[in-house]
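Here the structure is laid out as structure tokens; the discussion comes afterwards.
Just so it is clear, A, B and C label the chains in written order, and each chain counts residues from 1 on its own.
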């Protein structure tokens, strides 16, 4: 027995020793494991950095496309106006982005995205001076711009993207007030709009303000950018009054054709391109499924609107007018801007198709109301900015971004979302129109808003800038025709010796 | 002995216990391992997502560049035509992308990429209604668009990229049939081309059809896009006939200069930019080495062709004609489109250099054949689309994409590839020319294809659109000169009171 | 005792056996560990590839934006010149990129980035024929282009990015020598500039040459690209002399307005866009914080300069001149190019604001010196290229890129950096001006540099290209006015029968 025990115990000893040693050896095999953990942690950090890099590339490049829309607006607006005002419009559209950059840097950003109350941002107001540890996001975020802390890109990428958006709002105004506003006065208004007005309503919606809390949704800015620009433009149009010669005494509306449809077409195609930054870029992250879908909904709305606006203008105006097609396309793009991320491709087609019809009748309507808008900015940006915002309440589908908009009315979501959208439309209308009206009125009462009648007839290029856009080309004497119209209209031309000289030519 | 055994066994017990415990401890050290495995699996998923994100960003941005080519074509084509037809050409080039978007969405995509037979796609035909689990790819793909399941991007990214390509084919036709085709009839043809004809030959080559199986290769579309556009354009030119006044009774070819070379230059440089989307984007993935090389081969072919076309036109036409340089550059870009991914930088230079020579003589040849193409689209897109497709059979090198084209004739691969390329060229020619001819003929027989002679002389801008591109600028009386030519040519002008009135002016 | 020992030993045997076995089991748990290590290694490789992909996408897309600047320059330069020279300027700006592509491929790249001495690259000189295992970087790099081995992108991505930069330098010259240089002679000079001169100074700074070793810093090329282009342009202006009619006998400077400010505005906004490639792309990697900050500093300098140049021209010239605003904006962009990565947003605003003031007075100064530069290229690219390079020595802050520039004078870094910057400015000035002067002089002495007076008066479009940019538009008889001026100036017009005929018209 004893010997058996001995051998048994020896056997067991050896066996367990071997087993134990094997355990050690197996563990030796994974001797790298502690290193592995470190490596995996490193990989996680690097992969996070990689995502930040991809998101930043996406945000910056789409921001560049939105920046490029400045050229698009400059071309559409100058092309739709007369040659004698071309330098002025180009100058305004060029300078306005400089004004926007400075105003949004100095104050606008802080008012819009700074932590504050439901009405405006109150932290980090001046020159981006608030704390911010972006690209840290979510719970890791520490700073005073919490409302945009969901975006996983560096702080200045956020600023750059939002800056080019702010610039767009100001550019919209430019077209509506063209051919009669003083250059300097427009620039002053742009500082006010981008530094003060745009950021306030922007705070309500994108800055975590009261409309955001109410459940109002605007993905890329049908309201935040386009209808805000539109309401400000409307205020300008009301304060300025129509261009000389636009509306006859007998109520007749005189068409004033644009001087360069090549410019107009360059403009609209650059804007269409720019919208592929505007809408898909508003994800502020390179989320494959979302950005691809938004590209397609954006494009489909533009295509549908281009088609329907052309057909409608063909049917109602007799021929397919290129100007109407251009504004139709832009209308579709404005309308899809708010809902682009939350609707199906089919819905985007319908939204665009309706926008293309709406814009034609809105252009006619604004003319009936004697609201003189040389480029159709009110019909495009105001009218379809409102329409697009409402479309969120109609066409949104929860499936595209669970937990955000929920379903719109047409997809079984009831009227709750629609009501929130309508509330937002109304609130932004009241605030922006009123504030812009006061601003325009204050400028008018101080430095003056409108050029003299003489200058308007001669053209703002000579009057405001002392130069001509095309000095070597012979143009039909628009000023001469204007003068005749003026005489017919009973304007006391005798008071102006300069115009007399003009009439002699 | 006993005691010794006791101590020995005790010692061994302790030793093995320690060893065993050490094993446990070592294993404790890697207690994190199961978590690690999870983490690594997560990392793999995230890294896959990261690749999909990078690929999607690349595909969408290059697609945007290709979209922008619409402006490039609009500028080249309108700039190369007369001012009196400018609005019409701009309208066509603008509207054609809307038509393409809708046609390719409704039917074209399914016909091209849907699973089916060697001739056409037959699954998921209408409005992208087929199943598809992209960005799953390869074996993981489940859906009815298998031929493009290699691309690791979301479904709508694939659609968007292919859509902008389809739009290009239609735009090519626009230039060749300019200055005489009815606006509405051109739009109808565009629906047919993008909805039916382009997708069928596209299916043969990129949709897994019979040419793909035969070993025919076309990387970015010298054939799929450019020569298809070119053959359709040729059919249009044949059915329409030349512009009034282009070919005199004595066989003399009258040069009809374009009205705006600023537009032409804007156009070609936008197209060159767009080609950096067209060719490198056709990887449909951000593969660093490939996309960098394709950027360089694309650029080098354009540069070489621009240089040789300018030198050749200088030598043979007396002066370096800017129009020829523009078409030369485009010829080089079209020619490198098929082989761009499979040739060396040196080969791309040679391909471009030859293309630049070919295009000059093709322009002259088409004029000799009285095939009136106002912008040189046939020489650029048809001629060099064919040439570029053949170049794959000559210059391809297996090293750039092992297991695809193999080597071309000049790199020791024999004539097999070249024969496949020639077969493809011939098959596409027969199908597209025939089908487009029938389509143009059917349109002619129903709604009509060509504007009236009166309208052609007055200009399509007034006739089709009721407006003028540059209403304020004074242009030389092209219509007056035309009328004289018409009288000299014996056209019975007496039948037209409108032209008489015109002649009075 | 014995029995106790037995049981004890049995117990211990079992215990240690269990422990040992447990160790084995725990190790079994991590049986996947060796696979994990493989997987982690794979992940690291893939993550490295992912970074290369993101960097390559960034480098290629920003390179495309820089390529697009060719259109920007073509538009600014042609718009600022007269209609009769428009085709010529467009042709030059179009062809120059082809010439640059070929020259930089054939030789320039090797001279600039090839390993060599402090003065020039001497390895892999011809047609990129040196060894290079990019995207391997740092210690893993093996090849002859070591100075750019820090960039983690494929070789041809590096080449493409540097190529579009080289093209820019040549384009700058184009504007300054416009309206009088022979087409072919300019193209020859472009080959010399991009093949020889630009790469040499480029080697000094970016190719690891003597200025790099001295501690001279130029992030995106205020000196490497812009002032090099500017010095070459100055040499051209000196050798060519002013345009006919620019400076009267009485020392009066005659303003020669540009023919198309729509073109000018298209140009400047494309250039502003392109600069978002030029500056942020010069990271040659998608580094989120850096590329975002550089976008903002670039934009802020442009905005500030646009504002100050407009205000200054308003104050000193009476009205806000659009041409001055355009050059002001470009001046800000040129000035921020060298320091963009190393300065704060606030500093970028100050740099831009000063650049906008400088450019107005430089334009006036160059005119006083009778250095006739039709587009203001000397004031913009030379003047502000120098200013921007100096700004590095003043405004740089170490915090933005520790271990590179260190702090500039205004941030406590003393004068060391500033002295290096001034040395670089001086050395580049002497070399480039001298070499370009010799090149222009040699061209003048052989094939000739300037068109005849007749041709200059008639316009280079007819003389050099046999065509007109806008053949249908009626332009004011610039040639007639010129002739009168010529007669008044005492030029023996009788020697030219062609001009006589012209005067009859």
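In the analysis below, contacts are C-beta pairs under 8 Å (C-beta built on N, C-alpha and C of every residue); 3 or more make two chains touch, one makes a residue touch a chain.
Everything numeric in this text was worked out from a predicted model, so none of it was measured.
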item	value
Angle of the C-alpha superposing rotation, subunit B to subunit C, to the nearest 5 degrees	120
Homomeric contact subunit A-subunit B: same or different residue positions, threshold half	different
Centroid distance [mean C-alpha coordinates] between subunit B and subunit A, Å	30
Multi-partner residues of subunit B (each touching 2 or more other chains)	2, 9, 13, 16-17, 19-24, 26-27, 30, 33, 36, 40, 43, 47, 50, 54, 57, 61, 260, 266, 470, 473-474
Residue numbers on subunit B that touch subunit A, as the complex places them	2, 5, 9, 12-13, 15-17, 19-24, 26-27, 29-30, 32-33, 36, 39-40, 43, 46-47, 49-50, 52-57, 60-61, 63-64, 67-68, 70-71, 74-75, 78, 86-87, 90-91, 93-95, 97-99, 101-102, 105, 127-128, 135, 153-157, 159-160, 163, 183, 260, 263, 266, 464-474
Of subunit B, residues touching subunit C in the complex	2, 6, 9-10, 13, 16-17, 19-28, 30-31, 33-34, 36-37, 40, 43-44, 47, 50-51, 54, 57-58, 61, 65, 82-83, 257-262, 265-266, 268-270, 272-273, 276, 280, 286-289, 291-293, 295-296, 299-300, 302-304, 306-307, 310, 318-323, 325-326, 329, 345-346, 349, 470, 473-476, 478
